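Before I ask anything, let me first share the structure, which is written out below as structure tokens.
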Amino acid sequence: MHASQDQQLFEDFYADIIGSPLSHWLQTAPAQLTRWQKEQRHGELDSWLRVVSKLPELSSTSNDLKHSVTFGSEAEASNSDRARMTGLLKQLMPWRKGPFQLYGMDIDTEWRSDWKWERLLPHISSLTDRNVLDVGCGSGYHMWRMLGEGAARVIGVDPTQLFLVQFLAIKHFAPKTNPIHLLPLGIQELPELKAFDTVFSMGVLYHRRSPIDHLFQLKSQLRPGGELVLETLVIDGDKDQVLVPGERYAQMPNVWFVPSSEALEHWLKRCGMVNIRTVDINVTTVDEQRSTDWMDRLSLNNYLDRNDQSKTVEGHPAPKRSIIIANRPE
Amino acid sequence: MHASQDQQLFEDFYADIIGSPLSHWLQTAPAQLTRWQKEQRHGELDSWLRVVSKLPELSSTSNDLKHSVTFGSEAEASNSDRARMTGLLKQLMPWRKGPFQLYGMDIDTEWRSDWKWERLLPHISSLTDRNVLDVGCGSGYHMWRMLGEGAARVIGVDPTQLFLVQFLAIKHFAPKTNPIHLLPLGIQELPELKAFDTVFSMGVLYHRRSPIDHLFQLKSQLRPGGELVLETLVIDGDKDQVLVPGERYAQMPNVWFVPSSEALEHWLKRCGMVNIRTVDINVTTVDEQRSTDWMDRLSLNNYLDRNDQSKTVEGHPAPKRSIIIANRPE
Amino acid sequence: MHASQDQQLFEDFYADIIGSPLSHWLQTAPAQLTRWQKEQRHGELDSWLRVVSKLPELSSTSNDLKHSVTFGSEAEASNSDRARMTGLLKQLMPWRKGPFQLYGMDIDTEWRSDWKWERLLPHISSLTDRNVLDVGCGSGYHMWRMLGEGAARVIGVDPTQLFLVQFLAIKHFAPKTNPIHLLPLGIQELPELKAFDTVFSMGVLYHRRSPIDHLFQLKSQLRPGGELVLETLVIDGDKDQVLVPGERYAQMPNVWFVPSSEALEHWLKRCGMVNIRTVDINVTTVDEQRSTDWMDRLSLNNYLDRNDQSKTVEGHPAPKRSIIIANRPE
Amino acid sequence: MHASQDQQLFEDFYADIIGSPLSHWLQTAPAQLTRWQKEQRHGELDSWLRVVSKLPELSSTSNDLKHSVTFGSEAEASNSDRARMTGLLKQLMPWRKGPFQLYGMDIDTEWRSDWKWERLLPHISSLTDRNVLDVGCGSGYHMWRMLGEGAARVIGVDPTQLFLVQFLAIKHFAPKTNPIHLLPLGIQELPELKAFDTVFSMGVLYHRRSPIDHLFQLKSQLRPGGELVLETLVIDGDKDQVLVPGERYAQMPNVWFVPSSEALEHWLKRCGMVNIRTVDINVTTVDEQRSTDWMDRLSLNNYLDRNDQSKTVEGHPAPKRSIIIANRPE
């Protein structure tokens, strides 16, 4: 139990929650994250972190989190800086959620995550001064947008360690005082904090063996009256329609429950949520999710039936996603 | 941590598993059951146990577990014995699963559990010399029938403490050496024993928030090649049909997932089971489940729509139950 | 696990150790202190804390921690303030370690702890910029003097809850930013921090059933090369002389081992400490420890033999205390 | 958590305590011993156990545990059996406590442990029908003698794994039903069983950093009124005389406290024991402890000062041992 360089990964997070409505998280987070550092670290984590440590130190006056995730302008860095950044950041591929603009350099990610953000933003409560949790946050694209909307602090959780490193790489270019933190934990590892004003769970529920437990876990992170923003795969149909695909769905493993949006609303009600409404249903297009220079593996168009884009290669309905908003009762 | 009378409740169980394929259960069961005795005991447990301790000591030469659950004949007890037994055992009402015959006395239970047994027996592997687990065993009716089929030992788990006492009351009249034990635990509290030859889960799955986790838990109790006998509520429909009722289903609270039998077969496949087949689908009748002298509360006929017995009072399809058999891969 | 007013008791401590060599203490301290608040709190703690909350808010320009523990001058408070402070602080009697001067008011404690401080100060390493632990700190008198010597931060541990409240009462009059914290824990509850520059254990060892384990615990709090300042009761004699008194020693219960100073030096060597030297041996006088207006119970002179002040009422040698300094090897 | 051959090491022990006053030990022992088997096993344990498995299967009508530890007579085994036994058992050297006679073969151990037994036997309560614990039992010589005195069951604890194997080797020749078990645990790992009629601790206390805690641990194994038999190194002197040797005492490492017998009696009193009396004090001779064919390393005569056998090579008093008997209050 010695202080190590590693530990400093999360010290800003601890400092940031002391004195906040999340301060009771100190009862479990430091012990848990220290255990994570000792026992669960990915074999390549250290080499990835070294990549981040080599990123150039630049300073910027022109950031934007309101309309994009942009740190620095082209004029604020040299071409050789950009070449170096590109070389380093490409070592952290694949980049899935984005895009990010860094000193005139574009990280063109698999997803146009900004499109999803535009679809949901009009429907959610203002994030100004709110404590926000992003469950399954990936590399953190939406976390920055939440900060751009004025959140008091944004915490993301995602157990995939490459995402943590990608997040730290982007954070390297952000102002040091930004209250934004990614913890490499799964939602099911969190205590019942009952303290967040807004909780996002986007693209997670269909990966859970127990969607009902997932809904209860999300609820237990919210303060009374807090808002849940839930996005997941859905199928068409009435409230008794639930697809449980086979081993793979659009080539993804570990997809368990894909209910209709109506079924999902009903589940939220059974879990004691109120003020439940579906605000958006959207068929994912091959423009929104596709291979790029920063994600050179197969993507959605490879996973759809060649002859009928309304079906996956397995014959399931093609990916359709619903955004549902609900509140924990006061 | 003192030896107490209580502890003796489970000492026969410990003695019985030593030297058996279940002996590794000793690593957790005694600590867990002692904790249960200290922390979770029902307020009336002691008074219920006192009822059992007052039952008359009788001895019998005529028992039957092959065609019924019968201990002792009418000739082997006096009328006053029977009157005393009736008075005592009625203090343990409601009696749900049965019926039991004790020295000419009939415990006419809510359920004709023997009918279900008759329906499933032709389809399962012979229980002779097998280690058998009955998950959600209730007062243990089927456990006795499993013993009657020659099981090496039968362990039931059910967290409802009245069922434990009812079980002990029946066991009081059985030969002392019968290898049959009820543990007041939920299936999710068990370690992954991977040791039973046959596991029964009847009437449990629809009460679980996470049916998939339930299936994995059942699988993890089986030895490779072991047999699962799963009985649960189902609806009609294809493999995407899953009913999640509202707060109540046929007035039962805590009903979460009622899939079609085809959906359930598919779920078992996703959980890695093999040799999956539905062997019986049966609409529960008001003859099989009804109020009696030993269960004087409301029963099925009160929970069906008066005008349309094919529906529950909530408008859901009336209870239909499927029996599915499957194997853990070798 | 909700944020509560209580929790704020220790939030300054958490904030203060983040980024310091003690930051790894966050892995255990918040969980432990929260458990303490839930399970171990003294029945009167809340009423004692209310006393502290009623103390007047005063501000001072004249504090002294170098020659005394003084906050505020007589001129900076009114007589009615002083009367109120006296009334409140006397509710927290008995006051054992001191004295304290607060706005012209004197807390005349049982002990002249300043005398002990004067005796040891010339012998210890300068505390400037050091992280200091005071084990068995009582109400914290010496902690303030350590701060007065320039310590970077001072942490005291003492499980007696009245001492915590007395400490908070004094701290109420100190500048808010003082890095000084008392944790209501025993030394044996601490993880092996290996991080303090100086560790004090004064008046503790003779209360431990296992003095050797106490020495190892103290050692395990020190960084390599760190300094231990150990003060405890001793008897005359060579290195094989160890008094284990009966039920009471000078009427104190729970006195276990009172070695000779030479024996104690030898024990420290066995525990792997180096640079061991006794710097002071002092017979406690009835001037240094006595009843006062702020400690109206019996004191030393009642515990010595009337006819022979060199003996306790039990016939043991009268209290003699040794100060030994040693280092953890580099 | 699978049943393994290993587990069977302790299954006889579990079976033996069920139904006894020790049955509550099942709450911790199986979990603890399984953990031991997984995590703490000595690198050579498996090869040692293989040695035991190769011992010849013999059967005997002539055993003696009353005057020696003897299994089988010379006539009941062949010379080749004896040669094989000798070859195998010498692979388990060094043999320290004994001697053992097996089918005419003599294991001539470092210690004449029978002499110590003869010295203490007249002073202790009859062991007939008692549950007996032997703390620091070594290879178990005295355990067999306890059984010979009619104990209901004898449990030894000693963390040294070679001793466990030596014990199993001897047990191989004993009747299968003997209620005698060695657990590879330290006394400080045991729960407070409060159940033994007699507890022996011979040759252990001087190895403990905290002799007082050791006495409390021994006390907590006894039923009210139970008897403690304590044997340990002592020095001459009054009740304030306690030797804490340097790194080594008679070349033994880890010797911490060697009190006078009077001091030890006083400590027992402080721990709440009653009826305390020293029944034997004996200077260990080089006849009682010496090198043999079965223990070919250095022994006592090498550890005494050549010129003055009343001193160890370190200059401490030569080993003198005291036997003290005491009772836990009723």
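Chains here go by letter, A, B, C and D, matching the order in which they are written, and residues are numbered from 1 within each.
Following the convention adopted for this analysis, contacts are C-beta pairs under 8 Å (C-beta built on N, C-alpha and C of every residue); 3 or more make two chains touch, one makes a residue touch a chain.
Since the model is a prediction, treat every value here as computed from it, not as a measurement.
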| item | value |
| --- | --- |
| Any chain that touches chain C and chain A | none |
| Between chain A and chain D, centroid-to-centroid distance (C-alpha), Å | 61 |
| Geometric centre distance via CA averages, chain D-chain B, whole Å | 49 |
| Between chain A and chain B, centroid-to-centroid distance (C-alpha), Å | 44 |
| Multi-partner residues of chain C (at least 2 other chains) | none |
| Every chain pair meeting the contact rule | A-B, A-C, B-D, C-D |
| Touching residues (chain side chain A, partner chain B) in the complex | 209-210, 212-213, 216, 235, 237, 239-244, 246-247, 256, 263, 266-267, 269-270 |
| Interface residues, chain D side, partner chain B - complex | 1-4, 7, 11, 14-15, 18-19, 21-24, 26-28, 30-31, 34, 191-195 |
